[in-house]
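Below: one structure in structure tokens.
Labels run A, B, C, D, E and F following the written order; every chain starts at residue 1.
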Amino acid sequence: MAETWLPSLRTATPQEGFELATKLARVGVKMTQPSAELRDKLRAAYEQDSAQLIASSQVIAIHFQTVAAANGYWRE
Amino acid sequence: MAETWLPSLRTATPQEGFELATKLARVGVKMTQPSAELRDKLRAAYEQDSAQLIASSQVIAIHFQTVAAANGYWRE
Amino acid sequence: MAETWLPSLRTATPQEGFELATKLARVGVKMTQPSAELRDKLRAAYEQDSAQLIASSQVIAIHFQTVAAANGYWRE
Amino acid sequence: MAETWLPSLRTATPQEGFELATKLARVGVKMTQPSAELRDKLRAAYEQDSAQLIASSQVIAIHFQTVAAANGYWRE
Amino acid sequence: MAETWLPSLRTATPQEGFELATKLARVGVKMTQPSAELRDKLRAAYEQDSAQLIASSQVIAIHFQTVAAANGYWRE
Amino acid sequence: MAETWLPSLRTATPQEGFELATKLARVGVKMTQPSAELRDKLRAAYEQDSAQLIASSQVIAIHFQTVAAANGYWRE
């Protein structure tokens, strides 16, 4: 992954921060399984498995903690 | 998701913060499985599976940490 | 849930804080499965499943982090 | 649980803090399954299940974060 | 592991921080299973198991919290 | 466990901090399963189970957060 995909953790709004957290969760999977073809095949299965959807939501939640802290919770 | 669904992490009370955390947990699932129809089908199953209910409660707990910190724990 | 069930995260002692964390973990389940009847049925099963008991203990631990921080760790 | 079992999160040393974290993890299980008899029966099983031992270790780790923060990491 | 593999948690950019988090997650596995041969064999299996890919992504997320905090979220 | 095994959370380097986190994860298992003989037997199994290796890596990650914070992220 030579290109820049994460220049900053700052986002304009909490909602964009949530979208960034979702992206980070996906990149975490990509780091372990780099083949886009295989990931697409796996996605078809886990998108219909509620336990895995909840687990994905949990990874997003952990990243959202980081992104929210990085943005001072968008308070200022 | 073009509309604004998360304008702020601030809530008036801890209880509203908990409700926001619940919403964030659900949006996390929606990010991975955008089809409302499929999510409804899955929900019917996992609502009767205690392990998945506990897992859902855990995702809410992680988001509640973020929301509580964003609100200074509603102390001031 | 129109009534107020979480007016504050402050508690007088760490022990009461732990009890509040336990309550938050339960409300998290209730948010996903609102039927008390169904929750009671599920409880009968998971109370005898050690993996789910450990998972419940984990959700309490996450909420206890939040409650403890909200109370300045009951230091002052 | 009317008696006082958690008067404070302060401990003299990190090691005592780790022991307190272990106690908190156990009380979290007790909160969900109050029967000592049943817990003993379940313990016999999960003590031989490495996945559950790792899960228990994780709950201790989460509580240890809280206890360590409460003690200023025993730095002062 | 006598050689130095973790001289610092500082990285120049968030993206490098994410890569460091990925490395920490892998070293965590190596700490428990030191045999590179066995890890390679296991990898072939779990790279095709979406639940384990999500779990790996979660470990990266936890480490990324640490690395991001260590770098002041790359704000300054 | 009468002897002192955790005198401090301070380490000279991040790498030693990671090793301490690994130790804490192991002691957490020992707290629940004190028999060294049984733990060795279980280890033989879970060392070949990638899901459990990832779970172990996660417990290390949680402890590393604590150790890193205790050391001010080895910044000063």
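Everything below uses one rule, namely that a contact is a pair of C-beta atoms (placed from the backbone, for glycine too) under 8 Å apart; a residue touches a chain by one contact, two chains touch by 3 or more.
As the structure is a computational prediction, the values presented were derived from the model and not from experiment.
Listed by label, the chains that touch chain E and also chain F number zero. In this assembly, the chain whose C-alpha centre lies farthest from chain E is C.
Because chain B and chain C carry the same sequence, their contact can be compared by residue number, and under half of the numbers here are used by both. With centres set at the average Cα position, the gap from chain B to chain D is 27 Å.
Between the Cα centres of chain D and chain F there is a gap of 16 Å. The set of chain F residues that touch two or more partner chains comprises 51, 55-56, 58, 62, 65, 69. If you draw each protein chain as a dot and join the dots that touch, you get one closed loop, with every dot joined to exactly two others. If you walk the ring beginning with chain A and heading to chain E next, you pass the chains as A, E, F, D, C, B.
Those residues of chain F that touch chain D in the complex are listed here as 4-10, 24-29, 31-33, 38-39, 42-43, 45-46, 49, 51-52, 55-56, 58-59, 62-63, 65-66, 69-70. Those residues of chain A that touch chain B in the complex are listed here as 13-15, 18, 22, 47-48, 50-51, 53-58, 60-62, 64-65, 68-69, 73-75.
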